[in-house]
């Protein structure tokens, strides 16, 4: 009945959705942001530890949400680990494009391996109302890494 | 071009509209009421002198309005003169019916002569948006004669 | 109305009803559309659509303004719609009917005009845990801006208003207004309006019912209930968007200051001082939803021609069937089990987030809503902050569609296992 | 749009335009309808009507709520309408466009949210003598409820904003907001919006334009004008009733507290505390006018396909012709003689009350409005407390219709002599 939905709900997604990685409060995080999708009530708190050299030493999150948003956050926390802030921002932009269009034209260039890991979420582009579920974590990451205040909010709207 | 409008604008109406009778402030009136038709801005002040025996000794009005409302007020002040308050109320009801339906079924009965005088306004029933112009004066009379306060307002809405 | 329903007093001829709703005949994602989101907004029968078209094609002009033929026609149609709403609600007088933009504005109007104009700081407004945000947020704004206390009546585990708690919260006589739903948009619970009104009045409070759902599913008689204010919305009653209704007892409308200022609602304006027109004009500033009023009137004619008995019987059949079928779905929890419930079901699967579930159902052509249905506090009350899916029925809903839903839910659970 | 206007860049093919307006083909009281009340509300082209029908017959559901096909379709259509309005106004971002129920509500929204939320008692709001009640009464209510001063800029004998008086009334720096019409609904005067905005800004005030008439008759570019708020209404722009627009600079919308409370406009609700959604959702409580937004978008597409140059040229021709013809009518006074005027004329006959006059014109099939056109103070300013008749033109108005009016006026004067 739902066979064509396996594109969206790939095994990786269902697995990360059920057992999200880095799902915890990160003690000593120096960047924290909250993300909200008021439409469906998804909500997450993102903790990031940026090293003095400007690299993401660690990222973790807590919250509730659908399989897509949990899986996306889970994959994100894995993927950005060890990246510079600039690289994280680049990834965020590319991921957004992947989620919206299903493809990422210049993914052959830098960060190709990372984008490869995020590829399972590409199926979301066929479900316009679900794109926000996939991008919420990345919006929240942008908010966390934004200059200035330590506490940030993002909303997927 | 406007021949069929002679039913509405009979000579009597145009005449009373141009030169309304009893168009003045009535010094020593013991009943006063204001009437408003907010739609077209018609506005009148009605002065009535009720004798100790309860008869309308005199009625007069001031204000501005269309030919129909001026003529109706003019004819009314003439017609109610010398009537008891009960008779004035009866006339008011019958006139309302005349203006709305064009006929007055029980006019053969009492006050037949008075209704005869008001007959020229019967044409208004074919002009739904103008009925209020014709009845404003009578609404205002009802307000003036109502028990209680001395100052009354009526609105044709 | 063609009156083709008269024959079927045994019940509703759903196939015939469906012919009136052109939108239902389509396929979605290759499957026949199963529209189960009428509680969010109902579809429109061709009778409503063509009444609106006819108005715009033959008899349209602004109302109350032009002393000419088209404007008289439009004004008559607009006021006839008001009279139809008054009859529909069992109101004493058409002048008690105010047209607004939706139920939300109707409630805000009361919160502003009655709330700020008549209630005094220190008095309280009593709502319930099962309110739609439209009947929560305006009162919070009143509380924060006007110093009125906001009390919240509990909802029982079964999903009904806790009448003991209601009485307790009325006891000190401080409550000036009880504002509760006449039917929950999440639980389907129809609340005991008469009892609530009686309790409110005993305690010296007025009562407002949010009838956005109830007006669709139950016969409403505002005088029999003892309501003081009643709000509903056009688009859920098979009518147009852009129009809502506030009914209030004439005496209350007379006492209330106006809400929005502008044309139509005044009797005279100078820069120093403006005089208000009498109700309902006082509350209808600016050009009203003219074509929408005509459409709403057609919607009322439509449901009236079917008749509440037939449509309630149809709904009861659907609800009973759904209760049975949904209880067979493993891992499914349905919220609430009220005695008197209309055709609205919110549910959660144990292994699927509502948003994921609704995406699956959509693939099967089934339109249900996912989220918290503008009733966050109620979801919190039931420990379902993540939301639920909601299926809701209309005149056009079939027993087979309920089966389709139940089967899809079973399959969805397998999918996520 | 069928784009059948492209060829006629020499001007407007009015006969063709009229084919799009089914309502115009009728006779009234045995005479061909001459509809000259577009300033009160314009007629609807079939493109608008059929866009609304199509929405209700094929792609309707509530917006922003359901993660299913029909709701996505409806949401896309609703948001596309917002984007179309943004383009139409030259706005920087679609998020600056708020859908309301009409222009009156748009202005009330500013009076409530900006007026009570941002302006401080002791500051002043400056309007003009030529405002529609929709741009007077909300500010009076703000004055009376919030302690803001209300100033009124004079209008010259010619019917233009007295810019010297405007400057004088801005001089003390107390004015926080200038709220003036962009085109008078009585005089037809188009006001010098850029100058007014510049003067306001120099004095530290923001500026709101009531564009209810101007949006129909002139190309509007809110950024070029330097507007801070801009309001207009759908039904005068050949669009549906039940929808209006407020545009405001994003930064202002962000600073303003919400107006109505309910669904859609929140990001989270608990009984203790509610968080607002970002604009424009913050200002759109409850189910919006979905079908009406779709219709408004079709109206904007319609007028855009014709193009402002062609429609302005058409209007100029009508205005020039009307000026000439009406000045030939003995005993007729036309209000105002502004340099820049659109197709709106208010006039008085020396021997007929406007109400009587409009009844006569109606018999000739001519629809004009009589009264004070929701601008009582302006009529007082010109010593015409008894009102005027008003003729106003649309895309479908012909030169012959203006002739018919002029002839009927001449005959009417004879009738009352």
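Each chain gets a letter, A, B, C and D, in the order it is written, and its residues are counted from 1.
We adopt the following convention: a contact is a pair of C-beta atoms (placed from the backbone, for glycine too) under 8 Å apart; a residue touches a chain by one contact, two chains touch by 3 or more.
Worth saying up front: this structure is predicted, and the values here are computed from it rather than measured.
Novice: Look at all chain centres (mean of CA atoms) and spot the one farthest from the centre of chain D.
Specialist: So the chain farthest away from chain D turns out to be A.
Novice: List the centre-to-centre spacing of chain A and chain D in whole Å, with centres computed as mean CA coordinates.
Specialist: For chain A versus chain D, the centre distance works out to 46 Å.
Novice: Taking each chain's centre as the mean position of its Cα atoms, how many Å separate chain A from chain C?
Specialist: 38
Novice: What's the distance between the Cα centroids of chain A and chain B, rounded to whole Å?
Specialist: 78
Novice: Provide the list of chain D residues touching at least two other chains, using ranges where the numbers run on.
Specialist: 65, 67-68, 71, 266, 268, 355, 359, 370-371, 376, in rising order.
Novice: Give me the residues of chain A that touch two or more other chains.
Specialist: Where chain A meets two or more other chains at a single residue, that happens at 39-40, 129-130.
Novice: Linking chains that touch, what shape results: line, ring, star, complete or other?
Specialist: Per interface graph, the chains form some other shape.
Novice: Every touching chain pair, please?
Specialist: Every pair of chains meeting the touch criterion: A-C, A-D, B-C, B-D, C-D.
Novice: For a test of understanding, state which residues of chain D touch chain C in their complex under the given definition.
Specialist: 22-23, 26, 28-29, 33, 35, 37, 40-41, 43-44, 46, 48-49, 52-53, 56-62, 65-71, 100-105, 107-108, 111, 132-134, 136-138, 140-141, 150, 152, 233, 235, 240-244, 258, 260-266, 268-271, 274, 285-292, 355, 358-359, 361-362, 366-371, 374, 376-377, 380
Novice: In the complex, go through chain A and note every residue touching chain C.
Specialist: Per the touch definition, chain A meets chain C at residues 1-2, 4-5, 8-9, 14, 17, 39-42, 64-68, 127, 129-130, 133.
Novice: Would you tell me which residues of chain A are touching chain D in their complex?
Specialist: 36, 38-40, 128-130, 155, 157
Novice: Within their complex, state which residues of chain C touch chain A.
Specialist: 352-356, 359-360, 363-364, 370-372, 376, 379, 385-387, 408, 411-412, 415-416
Novice: Which bits of chain C are touching chain B when the two form their complex?
Specialist: 64-65, 67-68, 71-72, 76, 266-268, 277-278, 281
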